[in-house]
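Same chain, two partners: subunit A is paired with subunit B first, then with subunit C.
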Partner chain A sequence: MTLDGSTAAVRVDGLSRRYGATRALDGVDLRLERGITGLLGPNGAGKTTLLSILATVGEPDAGRVSVFGLDPRQAAQRVEIRRRLGYLPQELGYHRHFTVAAFLDYVAILKEITGRRRRAEEVARVLAAIGLETRARTRIRALSGGMRQRLGIAQALLGKPDLLVLDEPTAGLDPEQRLRFRELLSGLPGDPVIVLSTHQADDIAAICPHVVVLLQGRVQFTGTPADLAATAAGRVWAASERDDRAHLAWRGGDNRWRHVGDDPPAGADLVAPTVEDGYLLLSHAAGSR
Partner chain B sequence: MTAAPLRTVLGLARVEAWLQIRSLLGLAGLLGAGGLIWLVIYRTVPLWWNASWQIGDGQLILGMAVLIAAQLAAGRARRAGLADLYASFPTTAAARTGGQLAGLAGALPASLVLAGVASAVVQARGAIGTPDVVVLAAGVLLVIAAGAAGVAIGSRFPHPLAGVLFALALFLCSGAYQVLSRAGIWLVPWNIMVNQLGVLPGPLAGYPPGGAHALELAGFAATAGIVALAVTVRRARARAGLAAAGIAAVAVICFAGALQLRPIPTTAVNHLVSEVADPASVQRCVAAARSGTASIRASAASWRRCGHRSATCSRGCRPRPARR
Partner chain C sequence: MTHAGEDLLRGYAAGTVEVAEVWSVEAHLMACARCRSALSAHVDAGRLARSRSVLMVRAALGDGGRVRRLLCRCGVPDHLLRLLGATPSLRRSWLLSVLGVLSVVAAEAVAVRYGWVHASAAARPAGYRDAEVLAPFLLVAPLLVLAGVAAAFLPMFDPAFRLAVAAPFSGFTLLLVRSVCALAAALVPVVAATFLLPGPRWLPLALLLPSLALCALALAAATVLDPRAAAVTAGVLWAVPVLLLLETAHGPLPIVQAHAQFACLAVLCACAMVLLARRDRFEWGWAR
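Showing the complex of A and B:
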């Protein structure tokens, strides 16, 4: 991510979007480069709205978006962006009576992969990538929730997109599948621009070189996960007793209370902050404004 | 349309056609239509100048099934919660609709099988006269028109019941014409004529006009397809083109409807009157080899079936049994 945006693959300037009286996005500015950017924020922060606009599905009320120098407001350029896009919406339905391979084949046609041989190769590639190759002939209605989520990721990977927009891709995945997903994203060829929203701060810390925190429709933080964790430096303690002055406190696996807040509990030890701590403090600060 | 979208449309059409071919609804429609045609023709020796239309009427049942299947296919993405995902693809909604319309080719095999098998059965039962290929082809057009209507409905109304309701409406429009107003009859003029054909001693040349009937159904199919595309097309120029094509299609329907509502020429009526007044002048004898019912079959040896347009009856014709 760059501050001046001179080399940014995706530029977002002054983006605003309202749903009735609710302001989902309020003057969002972003610059995204190639690599993985994690989008953190609570429910209703505007993540899904932002991602749908990046995916050319939603339209902003105000502001501009540029993807690889293309303007999605222009019909021809919008189609060109879509040719380079892989999108996983937050709530994805499926043609339940299709088989896994038939669904991916259908999506591949919609992505203008029209050659039969190339389509078959592409379907086989993404099935192998998400570990569903043995389920190719299984009807979607027979898949578990986690498998369907992987199928959703697979369809986004079809056509080796330059821009991957993934809205909560790890929701519903078990720990092993989450690790496989991290491996998959880290190993994607061509160094695409990847934007993923998640509630899993450890996913962000593990695979995202860049992180954006969106709170109440505004960008509250951009930087590296380490930078985000550093915002909580000196404000995270471990103590044997709970202190009610903390913004948030929970008992850890070592049976000690981890406190995130401004005031140290009595007899507490300062501990190294995590991305989650930084996010919690940002969220608390935004909520108290 | 550039090459990439055209290939996409063809690719989608291939998938949709295959789904249509494998559709259980289509199979049910085929069986239902076959059953209906059999119910209509099995009691009596069929007359081709009526049977061609009856086979076309049977295609209506298949058309209803195809309409429902096409509506389900067209509304599939929205029903499954895939609208946002589909909107992110380079393939436009109009191209998807185009693929679904082209995919109606998948309904052709069932329709052709129905027409072919029904014709073979009618012929095997010793039908009098010759089949009207144009009328039989119109039955196939009816199925395609119903499918195009299904795509149009599904593009706007994805709920699965929408197709069922419209299919019932189609059935009522076409079947219960007696309760329709004159305007309604104008939309389905062939219905009035068809039920009169069975009492005619022979075909009336050019009546009902099968070509106009087929033209009207083609107009309906085109109009439905244009409506389906108009729901999804966004570009102003494309919309203008569709509007022009829609006007042309409606004009074709009007023209074909007017052709079918033309009165029978006086010469043809006079000829008909003379045939009714003196059946022997147009009857010919054919040895009755088959009969649809056991009671008639029992006396088949002494029966001679009478057709039309033959010179004399040397073996003493008896009038053919009254139909229905």
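Showing the complex of A and C:
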């Protein structure tokens, strides 16, 4: 991510979107470079709205977006963006009577991969990437929630997109699948721009070189996971007793209370902050404003 | 026997040798176990695995059954047929429901016409009896066609609608392909049912234009209104005149007679022009 955004692959300037009285996005400015950017924020922070606009599905009330120098307001350029896009919506619906292979074949056609052989190659490639080769003939209605989520990720990978927009891709995945997903994203060829939203701070810490924290429709933080963790430096303690002055306190696996806040509990030890601590403090600060 | 050289086998495995050489190598391999064994050392395991995966996917996709094979032979592109698979009004359950409704309505009309059941309006002039017994069919049949087309283009019936929006495939083309096929699939049983009904001989043809006009009206209105509102509006614009005519001495038959056919033709032409002029409204998503 660059501050001036002169070479940014995706530029977002002053993006705003309202739903009735609710302001989902409020003057969002962003610069996304090639590589993985994690979008962190609570429910209702505007993540899904922002991602749907980047995917040219939603439309802002105000502001500008540029994807690889293309303007989605122009019909021809919007189609060009879509040719280079892989999108996993938050709530992806499926034609449940389709088999896994048929669904991917269907999406491949929507992505203008019309040759029969090329479609089969693409479907085989993404099925192998996501570990669903043995389920090619299974009907979608017979898949578990985790498998459907993997199928959703697989369809986003069709056509080797330059821009991957993934809205909560790890929701519903078990720990092993999450690790496989991280491996998959890290190994994608062509160095695409990947933007993913998640509630899982450890996903962000593990695979995202860039983090954006979105709170109440505004960008509250942009930087690296280490920078986000550093915002909580000196404000995270471990103590044997709970202190009610902490913004948040929970008992860890070592049976000690981890306190996140401004006031140190009595007899507490300062501990190294994590991405989650930094996010919690940002979120608390935004909530108290 | 002269065996194939290592370079030739390597080239054959990589697919880089000339066609004539391929034939001669393959003829030799059929008869030579030693060269078959030597060939396996040159085969790229990754490429082999990918080819196997592709074959498995092609087997999983199948050829789509008899209807699909037939349509492919008639020149319909294979990928368009896959798109139709996601159209609810082309699914067996939907088509069976249409047949069920048509059977009930047609059977009711036949039963009343031949006096197997008593109609409440039996006191009306005898000359208009057919028109009256046809009323439920005239009301329902075009609405069934409209429902089929609406199910083909309304976003609420496409669970993967967001994917279709975010994809480069033209939304208008998708709409046309699905709607035209849904229209044809619904018109066939409707027209077939009219042959079983009492009434004028021209009745099977008489329902075509109103059905087409109604669907075109819904599609054209969807460029201005919410698609659901457009479909409902078109349905109401059909149902109200039919019900009003039922209260007149002539019954609802005038809704498909000559003057009405001209009106339907005019509506169809006007709606087709609106649809063409505003087709970009079906490129959903940003800037719709």
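Note that in this section the second predicted complex is superposed on the first by the 289 of 289 C-alpha atoms of A that agree within 3 Å, B and C clash if a C-alpha of one lies under 4 Å from a C-alpha of the other, contacts with A are read in each partner's own complex, and residues count from 1 in each chain.
The working rule: a contact is a pair of C-beta atoms (placed from the backbone, for glycine too) under 8 Å apart; a residue touches a chain by one contact, two chains touch by 3 or more.
Predicted model, so just to flag it, every value in this text is computed and none were measured.
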Subunit A as common anchor, with subunit B and subunit C clashing or fitting: clash
Which superposed partner A:L110 touches (first subunit B, second subunit C, both, neither): both
Touched partner set for A:T170, first subunit B, second subunit C, both or neither: neither
Between subunit B and subunit C, more extensive residue contact with subunit A: C
Touched partner set for A:S283, first subunit B, second subunit C, both or neither: neither
Partner chain(s) touched by A:T231 [first = subunit B, second = subunit C, both, neither]: neither
Which superposed partner A:Q216 touches (first subunit B, second subunit C, both, neither): neither
Segment of subunit B intruding into subunit C (one of 115-123, 151-159, 277-285 or 295-303): 151-159
Residues of subunit A that lie at the interface with subunit B and also at the interface with subunit C: 52, 55-57, 75, 79, 82-83, 85, 87, 89, 92-96, 105-107, 109-112, 114, 155
Parts of subunit B lying in touch with subunit A, wherever the complex brings them together: 4-5, 7-8, 10-12, 15, 76, 79-82, 84-92, 96, 235
Of all residues in subunit C, those that touch subunit A in their complex: 50, 53-54, 56-58, 60-61, 77-79, 82-83, 85-86, 91, 158-169, 174, 280, 283-288
Of all residues in subunit A, those that touch subunit C in their complex: 52-53, 55-59, 72-73, 75, 78-80, 82-83, 85, 87, 89, 92-103, 105-107, 109-112, 114, 116-117, 119-121, 123-125, 127-128, 133, 136-137, 155
Of all residues in subunit A, those that touch subunit B in their complex: 52, 55-57, 75, 79, 82-83, 85, 87-89, 91-96, 105-107, 109-112, 114, 155
